[in-house]
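Chain IDs A, B and C follow the sequence of writing; residue 1 opens each chain.
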């Protein structure tokens, strides 16, 4: 199967998933039985005014018609308006995406750089001291509430030691942000050689990234270990040992055969960590999509919540697609699937 | 093999003159130190929750107006919070919310997930296909966010938190049970039961269920950990249980602003309690799963 | 010339149970045999008798909790059990080569087969790549892989089971081994392919003057392709001798059952039910391990059975070696039931 055919087939399979995603986000508000009309109409509205607003919002139609209207709007990129920001939700989301991606990719990237080698090393000597310590640490990492970790870090590194900035935003208020190129302060400052901005952006980034890295490393350690253990007990590795291949080559064989499942897991992990990232953004007032979404949830801005949940689901779909394509390209066996 | 009679150098040898219970305890601890340590932690918090009334030095919701934000002292071992309430008493009382949410939430997940998995696995066909596609599809939503959004939409009450967590987590159990049932469906004992003319419900609940449920049981400790974590997160965001109820997440929320002004004890201690209960549940669950995995069992 | 000689090899599984008691499974009990150059020894027995475990113990491939607790293994004048793990690893795939069950999953799925052949050669010999590749082509031709020059760049998943097994055999031959251990080499292959692979193995043993051990539960294979046979039961060898002698004059009750239950070329996969379940290795009966399943068992079987040499190289571990009643109708009836 050529890459082109595979690509087309995979894209076609996504369509029902997208419909499902739009349906779930649509239902999100309806299960609550929340009444957006009351909020829009205000406490002094008359019964007629209520009805008018209901009709305006399409709430007097049957559910499936409402869904069709909603889906049609989403397809055109109309996610409604946020009553918190008084702007189209789509605009709010688009301008915050890069800000969040920057945090997410650094955090998960560093988490993977820690987690993968630790997991592999633990698997090579199951029940050895390294394995036991890394297992306890990973279970512990699983159990730390992200937001609490962020708060403790702020206390230690800002209040006690004074090493870190106070954890408000992505750059110091005294420094003017770099000119807009990509949306990432770090990259933009680098591209425009704006060193004060780069320094400030970097120092603001350290704590949230470390937080996310710690929390994302835990599951990566656990799963990398499990995957490598599985490969280690596979026929191929047992045969490699029976053929007297040197330990170095056996190790390489294990690493290569673990690569695809580990990559798949880390990719999945990226999508799962979006929730954790949102909490970190909330604590550090990061100003990205995550903080926007949590604010919307807390304050009851449900149009924005819908847009937020929808964009996270779309992000997952895109990541899963990328993983599938990469796996197809690097796996000799992929043609069989 | 309980006799412990030594035969000609082979077989089972008693391990010294300790009593049977001690030997069983040591044996369990050797077999899975993780599960044992996890169980001890869970029991510790269970003790706190059960005897909270006797253990708390003060009323957890009594505000000492003169003693707001006091650091740990002889009177208030863990200090007082912004309302002048005793942090230690509140941390102890908070363990009730941990169990009070986790246990019913997991029970709901089990009650929904097990029958669904049983049906899907045994019946197969369209129903199975649609259900599994649906569960797969749900995975594109980060679980924390979905839980947050649904609880926020349904309104922040303890009951809603429990119901939403229970519903959202049931696919986990459905999957586990389904895969076990699929493996068991074509086994000899099930075919024999079918051939003997047992009705379908009997085969599913009497023959399949007891054999398929092990994995789900081991999973439930891990899922309880998840429920405790998420419910605390909800309270931290102010979406779930509201302050001044002595729930750990709500306490961290109250203490958050004081972390950058130096009153660390308000948020630190409920966080530590939360970590350890979740850690204990995770260790217990992880250990159980390892014990159930025959390949790992053989290696011990 | 004797290439491998195994004497009183004992392997145990040692673990602790939930009540913290030490449990010992006596998986191999005083296994002794030897193989000479140019000879094929068949190691036969039911599932769980310890055939594969014997091979793993010899090659140092045991994993905890399995452990060699006694005996000696001499290969080409060197004691394998006393050897450092690294030295033993250098011997594996070189002078001692293995062919395993599941050839398709045993090949590294992410490496082309030519590369794997080169890899095993270079792991043991200082050879340049072109020379190693040349050798790979030569060995692929020797094991009857058609069109080696194009097949050498195939991926493992592109091979059929029979072809994959030929690749494993080529792999084993890369370093001209003195001893070849084939562990169930044809299980899972088509019957016609089975015969081809076994013919190939026998020819190669003769051509390269190797010693070979074929582990199987198929007495038909033993009858056709082996010179000598060792019958294993409950971790011990109960009878060993030239193939002709064993089939003409089976002298251990278990061997008799086995032969009676095996029409030519019929695999005895369910052989563990021959006259009962296999004994509990954690709690082996004292004396003769076979006595619970034996039709001839008497009181004397409570004592360990002697090792009797019936004829040249034909040895039996039984109290009644040589004077068992002739296999009567009962034996055949029992065999048919199994």
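In this text, a residue touches a chain if its C-beta (ideal position, glycine included) is under 8 Å from a C-beta of that chain, and two chains touch if they have at least 3 such contacts.
Every value quoted in this text rests on a predicted model; they were computed, and no experiment measured them.
Asks: Of the chains present, which has its C-alpha mean closest to the combined C-alpha mean?
Replies: Per-chain C-alpha centroids ranked by distance to the global centroid put B first.
Asks: In terms of C-beta pairs in contact, which two chains are most connected?
Replies: A-B
Asks: In whole angstrom, what separates the CA-based centres of subunit B and subunit C?
Replies: Computed value for the inter-centroid distance: 48 Å.
Asks: Measuring centre to centre with CA averages, how many angstrom lie between subunit A and subunit C?
Replies: Taking the average C-alpha coordinate of subunit A and of subunit C, the gap between them is 53 Å.
Asks: Quick check: how many Å separate the C-alpha centres of subunit A and subunit B?
Replies: Taking the mean C-alpha position of each chain, the two centres sit 25 Å apart.
Asks: Using the touch rule from the top of the page, what residues of subunit C touch 2 or more other chains?
Replies: Nothing qualifies.
Asks: For subunit A, give me the residues that contact two or more of the other chains.
Replies: Not one residue of subunit A touches more than one other chain, so the list is empty.
Asks: What parts of subunit B, by residue number, touch at least two of the other chains?
Replies: If we look for residues of subunit B contacting two or more partner chains, we find 299-300.
Asks: Could you list, by residue number, the parts of subunit C that touch subunit B in their complex?
Replies: Its residues touching subunit B are 15-26, 63-65, 282-284, 286.
Asks: Enumerate the contact residues on subunit A facing subunit C in the complex.
Replies: Listed in rising order, the residues are 234-236, 238-247, 249, 253, 256-257, 331-333, 336.
Asks: Can you list the subunit C residues touching subunit A in their complex?
Replies: Interface residues on the subunit C side: 59, 61, 89-94, 97-98, 100, 102, 105-111, 119-120, 123-124, 155, 157, 168, 171.
Asks: Which residues of subunit A touch subunit B in the complex?
Replies: 16-17, 20-21, 24, 28-29, 31-34, 126-127, 135-136, 139-140, 142-145, 147-148, 151-152, 154-155, 158-159, 166-167, 233, 271-276, 278-279, 282-283, 293-294, 297-298, 300, 302, 305, 308-309, 312-313, 316-317, 320
Asks: In their complex, what parts of subunit B are in touch with subunit C?
Replies: So the residues of subunit B in touch with subunit C come to 1, 4, 7-15, 20, 23-24, 26-28, 30-31, 298-300.
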